[in-house]
Structure formats: C-alpha cells, structure tokens
Amino acid sequence: MRDLRIGVVGVGMMGADHAERVARRISGARLVAVSDPDMDRAGALAATFGDVRAIDDPLALIGDADVDAVVIASPGFAHAEQLTACLEHAKPVLCEKPLTMDAESSLRVVEAEHKLGKQLIQVGFMRRFDPEYAALKELLDSGELGRTLLLHNVHRNRTVPATFRSEMIVRDSLVHEVDVARWLFGAEITRITVHAPRPSGLVGEGVQDPQLAVFEMANGAMADVEVFVNCQVGYEVRCEAVGEKGNATIGLGVDVLTRRAGHWGGVVPDDFRVRFGLAYDLELQRWVDAVAKGTIDGPAAWDGYAAAAVCTAGVRSLQEGRPVEVEMVPRSEVLG
Amino acid sequence: MRDLRIGVVGVGMMGADHAERVARRISGARLVAVSDPDMDRAGALAATFGDVRAIDDPLALIGDADVDAVVIASPGFAHAEQLTACLEHAKPVLCEKPLTMDAESSLRVVEAEHKLGKQLIQVGFMRRFDPEYAALKELLDSGELGRTLLLHNVHRNRTVPATFRSEMIVRDSLVHEVDVARWLFGAEITRITVHAPRPSGLVGEGVQDPQLAVFEMANGAMADVEVFVNCQVGYEVRCEAVGEKGNATIGLGVDVLTRRAGHWGGVVPDDFRVRFGLAYDLELQRWVDAVAKGTIDGPAAWDGYAAAAVCTAGVRSLQEGRPVEVEMVPRSEVLG
Amino acid sequence: MRDLRIGVVGVGMMGADHAERVARRISGARLVAVSDPDMDRAGALAATFGDVRAIDDPLALIGDADVDAVVIASPGFAHAEQLTACLEHAKPVLCEKPLTMDAESSLRVVEAEHKLGKQLIQVGFMRRFDPEYAALKELLDSGELGRTLLLHNVHRNRTVPATFRSEMIVRDSLVHEVDVARWLFGAEITRITVHAPRPSGLVGEGVQDPQLAVFEMANGAMADVEVFVNCQVGYEVRCEAVGEKGNATIGLGVDVLTRRAGHWGGVVPDDFRVRFGLAYDLELQRWVDAVAKGTIDGPAAWDGYAAAAVCTAGVRSLQEGRPVEVEMVPRSEVLG
Amino acid sequence: MRDLRIGVVGVGMMGADHAERVARRISGARLVAVSDPDMDRAGALAATFGDVRAIDDPLALIGDADVDAVVIASPGFAHAEQLTACLEHAKPVLCEKPLTMDAESSLRVVEAEHKLGKQLIQVGFMRRFDPEYAALKELLDSGELGRTLLLHNVHRNRTVPATFRSEMIVRDSLVHEVDVARWLFGAEITRITVHAPRPSGLVGEGVQDPQLAVFEMANGAMADVEVFVNCQVGYEVRCEAVGEKGNATIGLGVDVLTRRAGHWGGVVPDDFRVRFGLAYDLELQRWVDAVAKGTIDGPAAWDGYAAAAVCTAGVRSLQEGRPVEVEMVPRSEVLG
C-alpha cells in the first residue's frame, strides 16, 4: 500500500510539530509539502526533512495533485476558507481546533460537507486519543460506575502570552473541555455559565484568568471546569467523572484512578506488552533510524555477553546457595 | 529515503508483536518477510499484512537480498547461528535477549562482530528505551542525587507456564535487571548471590520462585532484585535508585518519583506537547489509517460546530455575568 | 491541676463517640455525666465507663454543679435552648454543628454570648483540627502560593438514611465546606448557587443528590463544592486550593499535595517524631491501659532478647563480611 | 479509677518527648517524676509541668512509693541495672530499645522476669503501634495474600551525629526492622548478612552507611533491609510484604497500598469517624486545654451564625434554581 502523501498548512509551533510527527513517527504516511505565510519558516522546516516542498499559497497546497490529505494548523480565522478548499478538492483534512471562529461559519462547513455525502473533515480534539481519556470513556460507557452525573475538570497552562485575552481562554482552552463533556456524556451542552473569580495578579490588566465554567447537559448532568492559563506551575489537565456507583479520575499521572465500593486504586498491567509497549515502539523506531545511518542506538553485543556471564554465575549461586564471582574476559582484551 | 526492509525471524508472541510494530507503527521501515519453524503460523501472520513473504528457513530470510535488516525473536538456543549468519551477510540485527545461551558462545559472537570492524548487533534490553528508565538514567547521570549507592529492583509476572524452571527465572527474567544494573551504574557486576526464600505454594514442585538476588558492582555499589514470576497480581517492574543526596523510584505509575531535601514528588510537564505528545501521535496515526480506508476516525465537523456554539454562549456568559442558553440547530435538521 | 469535669448532652452516634473520647483518650478531662431523651441508652453508655451519671434532663446536666463544661451532641433543633442554658450557667460548651437551625436563632445566640462579655461557645467545625486541613491553612496563610483564587471541594458519604432530604444535605453536609471556605479565605460568602444535576437513581424519590454548590466570597474569590451523600464508595472529603503561584490538595490520603514551579509532591518528615508521633501516643496509651489491668500490651522482654541476639550476629556479619548464624537459647528452655 | 503515676528515667530527646506525652496527651496517667544524670535538665523539664519532681538517682525514682510505673529512656548501657530495679520493686516498665546492650545480659533480664512469674517489662518497639504497620500485620494474618514470602524494608534518617558508628546503625536502627520481621512473620531470624556497599561520601571516615541486611527466617522466608542513616532527604520508613497472592506496602504516606489480582490501591474509609477520628481527638483535647485557661480555641458562635446564614440562602437557591445573596448582619453591629 502506497504511503499517504500529506501536506501541512501553517507551520507555527503546532504545525511544525505535526509536520515532524508525519515525517518521522507516523507509519503509512509521508510529508510532502508545507505551507505558511512566512515562506522562510516554511522553507527552513521543509529543508530539515529533505524531499518536502514549501508552498506559498495554502490553497495551492490543498489543490496540489501530489497531496493526498491535509493537516490544517493555521490560525483559526483562516480555517473556513481552507476547509472549503479541502471539500472542493475532496481532500481528507485534519483541522486543528477551532473548526472556525463562530457557530454560524462552522454550521456552513458542516452543511457543505453534508452535501458532499462523505465525511472528509476531522477536528483536532485530541483528548479523545489520549490513552487516559480513552480508558475513562471506556469505563464510563461500560456502565460499571452507573450513569455519569458530574464531571470536574481542571485545565491549566503555566503561562500564555499577554495577547491571550479572556475570550480566547474560552475559545482556545475551554473548548477542549467542551468537547470532553459532549464526548463523555454523549449529550449536548444546553446552558453554560462562565464565572469570573478574582483574577490572578500575575496576568495582564483586564484578562479574566482563572475562569470557572459550569455546563448543563441535555441529559441533566453537569460539568464544571477550572481554566487557568497562567497558573505558573506547568501544564495540568485533569478530569474526574462521578457516577452513581463510583468515580474515576485521570490526569493525576497514574492512569485511571477509580474509587468504588470502599476501595480506591488502579490497574496492574497484565503483561509486559501493556507496560512496555511504548518502550518496544521506541526501541524499534530508534533502531530503524540508526540502522538507516549505518549504526546502532542501544545495547550492543558486549552487553549481551556481560549479561550472559552474570546469569551463568547467578544460576550457579542459586544451585550452590552461596555468592559466586562473575567470570568475564576484560573488555579491552576483546574489543581492544 | 527508502524505507528499511525488515525481516522477522521467529513469530511467537514476541516476534508477532515486533512484526506488527514494524508493519503498522514504525516510520521509515517496512515488514517484508517473516520466518518460523511453524510455516502455518508464519504464513497466517504474513497474510494479515499483505505483501509480506513467509520464508521457511531463517537463514534464507537473513540472506535474502530484499531484506535490509533482521529482528531475531526465535528461541535463545537458535540465536548463535542466526547472529552468525547476520554477521556473514553484514545485516544489522536487533536480537531479543538473551544474546545466546551462555557466556562462552556470547563471547564468540562479540569477537566475530569485532573482527568485522562494525557494530551490527543490538540486543533487546528494552528497558533502556522505556521513558521512565531513560528519565531515571538521565537523573542519575546528572549527579543531582550524588553518586548512586544502591538499587532496589522488583520484577514480577502474574504467572508463567509450568515449564518455566528456576534457571529460566535467572536467564530470562533476572537478566533484564542484570542489564539495568550495569547500565545505570556504568559498571560491571563482579559477584552475584541468588537467594532461595521459601517458594510460593502456587508454583510447580521444585521451582524456586520468588528469588532474591544481590549484585555487587565493580565500583562497590550494590543492587538487590526480587524476581517473582508467579506473583498472581500482574506485571510489576520497579526500580529505586538510592544516591548520596536523594533517591528516585520508577515503576509506580507516576513517572520518576524523587525524594530529596525534605520533599518527595515529581515533575509537572512544561506544556501540552509533553503531556499529550503520545495522544497527538495516536490521533495522526489513526487518522492516516482511516483516510487510507476512505473514512475518518475521530471528531467530525459536527463536533466542531457544537463546540463553536457552546464557546459563543460561553463568551457571552463571561461578558454578561449570567448563565446563557446554547443555541444550536438540531442535528437532524442539518445531517438528516 | 484538677481534671475538667465534662457532661455530654445527646448520646447518639456522635455523642457516644465524644463520650468515649473524653473518658478514654483526652488528657486533663473526665467524663462525669451523660444525658439523652432515651434514658436506657444514656444509662447503658454511662455504665460502660463507671462513675458516670446518666441524667434525664439535659438542662439539669448543664446546670449541675459537678459539671464544669458541656459537649452538645443533641439534634440541631434542641441546640438553641441548651446553648442558652450553658450561657446562663456560664458553662463552656462545645456544640456540634449546626449552631442552631436558622440564621435568626443563631444570631440571638451570638448576641446573648456577646452580652456576657466572654466566649463560652465553640462550634464543632472539626475540619479546622484535621492535620491536613490545618497544614493547608498554614500553607495558604504563608503566602507561598500567592493569593488564593479558587477552592474545589468534594464531600461524599457512602450512603445516608432515606430520611436525609435535600435541605439536610445543605444544612448538615455542605455546612462543613461553608466553614472551610470562610476559614481558608478569611472572608464571608456573599452569594451562593446550589445546582441540581440529574440525581442518582440510587437515592429516594425527590432527594436531590448530588448537589453542586458555587460560593462567591466577599474578596471576589470563589469555591465550588460537590456534595454527594449517597456516592456508594465510602467517605471522601477533598479540598484543592488554587493560588496565583501554585495549588495544593488535601484528602488524597497523602497529606498536602502541592504543585508549584514545575513540580508536584509533598514533604518527607524531618524525623521519627513526626512520622511516628501517633504511634508513640498509642504505645503509651495502650501500655497505661494495660498496666492499669496488671498486664502489658506490647513487645515483651523476650522480644528485646531476640533482637539483641540478631543484632549481635549482624554486627559480626558486617565486620567479617559473611552471613552469620543467630545464636539464641530456645524459648521453651527459658520461659517453659 | 485513679490515674497511673508515672516516672520517666532519662530526659534526653526521647525521654522528654515521653514525659510530655504522659503529662499532656495520655488519658489515665499522670507524670509525677523525672530523673536524669543532668539534674538541671531534669529540673527544667519538671518545672514546665508543675507538680512533677526531679529526682537525682534513677534507682530512687524507680523505688519511690509514689511512682506506680516507669518509662526508661536512658542510654542503653544503663538499662540492665534499671530494669533489674524495676523487677525488684515489681514496677511495670516501658523500656526504650535496646533492652540491653547484648544478648547475654538481655537473656538474664528475661530469666529474672520469668522467675517473678509476671510480665512487667514492655520494650519500645513502637512500630507495632503505628496504624500502618498494625494494618499490615492484620492483613498478613488474615491470609488474604497467602503466606508471606518476602519483606523489603527501607529505614532512612536525614542525618545522624558523627558519633553514630557502623555498629550503632545495626544496634539502634536496624534493630527496629529486626523486630518488624520477627513480628510480621511470627518467626525467629536464624541467619543474618549485613552487606557493606560503597559508603556515602557524606558520612564520616570509616562509617559504613548505607548497609544492606538480609534476614533468613526460621520458616524459610526472607527479608532485606536498607538502613541509610545519612540519606540527606528526611525520615523514610517503608515495608513491603510479598505474599503468595499479592503484596502490600506501607510507609508511602497512603496507608496500606495493596496489589492483588490485577489491581493496586487502598481503602476508602467507611465514614467520618475513620477519616476524621484524629481531628475529633485534637478538637476535644484543644478545647479542654483552652477551657482550663478560661478561653476557647476553635470556631466561635459567630462562625455558627455565618454558616447558618449561608445554608439558609443555599436551601433557597436549591429550591428556586438561581443564585441567592447571603443576608448577614455586619459583624461589627453585633460584636462591636
């Protein structure tokens, strides 16, 4: 199967990140083009990969015959036009949130795609792909905790630029928890209150940070969200779901922490493939990358020999019930 | 750059896992061949990928002109011959532990590779690639905790087959901590004691499980290891490193937990790329896989519209200091 | 100094608990009388202690010349009259919450005490005495986290009797967090919203459980509280305080968990008096209780001998660098 | 029942701590005398309590007719003589560890007590009274984890004085884990190895710190112990017990952490008496202490009024489904 040829529109922090992801870590895909109003930035990024074109006009990238699919990471105000172009060229597109800047223009995009009769647009609400959120969703859907009644969310950034105003905190930060609540509850939000507690003295004049939002869901359930984008600590995202029979929290750094029937805790993995699956992926990716450069990037044959020598002594210690010296040829004798 | 064409020798649990990894998750590599004494198993696995050959003879796979590099996941007793073949054909090889079955044959492999004048062999001590172990190594090497004096290790499997005898616990399980100790200390193990505490009543007659090993390192430091491969709980691997000025533990499910100067704790990530990096990788991999099938696998344009409608109401709530109803066109009106 | 002679009014669960506390665990105090409408219950409880009178009329207990101070643990509707009696007799009183059933009657109690010119009434908002809450208060007051902006509270009981109605959830449960917010912020609550999310299907018809309250403080800060008194799990009380420079959580079972400047974590105790202070208290209390009965309740001289024998062998092992057998006279030879 | 009159022998750090404990926190006991070679220190301490005598000669204190029971907190070399005196006067005694300085003298004490036909001596192995150790013991004895096979212990102090030599680390520190292993296993230690890993560079010349001890128990089980009394971090004491069906750890600051059948976790308390029992004890102790001085030390009537006012508004908010302003008389109008 031929690799999917991908073009990235907008190569600021997020877009550059996606470009590298496609180029170096995603299987079955190839980065072929990037586009940015700042052509120097686009050109410099393209050059780091080799065989990637920098294209001036994002619409040209979208229409290019050698681009199979598009990642949009441009500023939100540019999304409507670029999405429309993707639909016109029938190109699958992964669009960073927000879809567009307001509900009306978003609705027009939905309608245009619906007329095509084919889903081409995916929106970058990436929490659905985080293993912790995915496990929480699975747990809630299993019904083990009863119906979900409440969500408590925390969304904190260490700091944001002074240009990040109160409304952007809603549109660019809170929007993630809007999707989380809709997705976890499987219901729309019907009413929203965004409270304005006394703001931190460490943010710019007139910026309302933190904010405390309350969502009322179509099914009667509720969610609260603290958004605090200048919390000074670091990046903290947590979600606690409260069900009729128990509750579960993610974002504590311990996978899904559940509480039910007198116990709190988590899961011990079944086997090494769960615990070390990512380590195996990294091992192979780094080995493949190193082999492409004619080298290795990990434990060498000598390490295999040393381990064998220790295990041989270990088996003897076990059999004889005493400490055993490890016998090894000095490394310099073998490897010079 | 052309993808590295990889052949996998041995497609039991571990080998099949590696084959899928190469085929589906590793960028820059392509699975082209698998080999196994059980040709039915090899054939069935190859068929799941398409365009992958099942080759009878592992040495034929290793020598095949269309195989650039080899992953060896066959039983340990077959490694020596297969590694020798890799060296003869100058093929880079990632060999699952153990390198070979004893120190003497391992030494011969080391010497043969050394004669070639080029490192072709990497051994599958995969803990070095686990993000937690890697972070621990980095912390210890930074010197922040002073010199490392002691390691406490725990290595537990839920259960193993009854054929897994006392010596295999040393050679196949403890061997991981042998490498961990050598790697973290940067020193060889000079003496080993493997204690035999009273065995669990839940293991087969004559199997010594758990075992308690003590390593004495060339630099005078020490390590202890509990190996308990029928612990009934699940897969638990932990390592605590004790330095002159503090200590650090991994495997608790909370990344690196440190204790120093009156405090215990861990790190809050700097930004979303650290916390959600894996989520972004999964988002793109699943999007690429879905697009190849002509669909999407994630939040759709409608989800983008719904979020925009909620955020519009949220901004109004913030500005007007009151709850605001969310206005949305009913889904059925738009999408039918 | 003579022990304070205490009478307890109301010996339901809470009052019986307080009676036992005074009788057995509080130094400098003596339980002398209990009172309850159910004289059988009062009598039975008094009999378990010896030398404690059961008194029919709570006002008689309060007025009794041999009672120095009073603990009120009767139902809330009886508090106003009993508090008034305490004030009239100038008896110090510790009154379980609520002070009285409504704001108006509470205000009259405050005014009556104020007229006396002496504080005699303490209210049973016991969270202020919990070591975790006290440590949180100290941390917030230190200013290390900047000004406190938000509190997130969780207050859950496994279940409550069906007679516990929606209003009681506010008056008897939420009231604790009312005090916590006032105390931690050092400010009054000026506005309150109690939301009614969809109720759990496991509570009685018409009972609003859980509830989600939002407090707006006089200083502009805010607090939210989930109260869920039929959460099915157990008793969970948590409080997260969000400051301008960091945040701190209690109730996770790990003392105060803080997050600031890129780190999360807690405190490692300075020495054994912090870590084991409670163990020493319990050791001495149990020894005193046992000695009063002519026995001991802890490790005996034989345990001291056995430890000495092991340590003697341990010192030799350290000096000689080898395992050493422990030499002990068989227990039966010495103790028969 | 009359309070037990207690004398404390030796008022260094440990003895002074015990004296205060008896005087202020232990119910049913009264501190009547202290003794110390440094009479100034003894006198000063006695003076802080009032009505406590400072007695020059420890044997005089032990023999004093007004002393019912003795706490020995003198240096270990003085214990043998003082214990003998307690036995002669038939005084119950709680003796800090070690019982005596070596196995031989300890055995003589055991024999002397045995001849009396009555247990008068309790040894200060206080871990048995720590709620976490006690819960671990109860769990292991329940058989839920199967037979216990291994213990892993960690015992760390931040620093100790330079006079604390290698042998003292065994006799004064490791001795606690000697008792823990004997107590948890219910079996004697038959063989001990004390390993000497490379010492920390932060301890005095010639001091072996850390040490790594291995105990072999009469029942075949084993225990390892890291003792590191200059670990620089703080006071850390942990114990992990490994059973045939699961394992349990204490000392992580989260009570007993268990792992079994695919899950790790702990217990959510049944009710507030478990979670807040200590808070109630502290509330009453501080109230009693304050009342004795004619004051209160906790929330006042005003706090009860304020809470009532908020709850009244909260009930209305719940009933009317909207935010409600809290109505309170200004504090200054009532309290001036």
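Order of writing sets the chain letters: A, B, C and D. Residues in each chain are counted from 1.
Definition applied: contacts are C-beta pairs under 8 Å (C-beta built on N, C-alpha and C of every residue); 3 or more make two chains touch, one makes a residue touch a chain.
In this text, all values refer to a predicted model and were calculated from it rather than measured experimentally.
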Which chain lies the greatest distance away from subunit A when centres are computed from Cα atoms alone?
-> D
Note: of the two pairs B-D and C-D, more contacts are counted for C-D
When the C-alpha atoms of subunit A and subunit D are each averaged to a single point, how far apart are the two points in Å?
-> 47
With chain centres taken as the means of their Cα atoms, state the distance from subunit B to subunit D in Å.
-> 43
At what distance in angstrom does the C-alpha mean of subunit D lie from that of subunit C?
-> 20
Check each residue of subunit B and list the ones that touch at least two other chains.
-> 158, 214, 216, 233-234, 236, 253, 259, 262, 264, 266-268, 270
Note which residues of subunit D are touching subunit A in the complex, please.
-> 259, 262-268, 270
Per the touch rule, the subunit C residues reaching subunit A in their complex are 146-147, 149-150, 152, 154, 158, 195, 197-202, 210, 212, 214, 216, 219-222, 224, 226, 228, 231-234, 236, 242, 244-247, 253, 259-262, 264
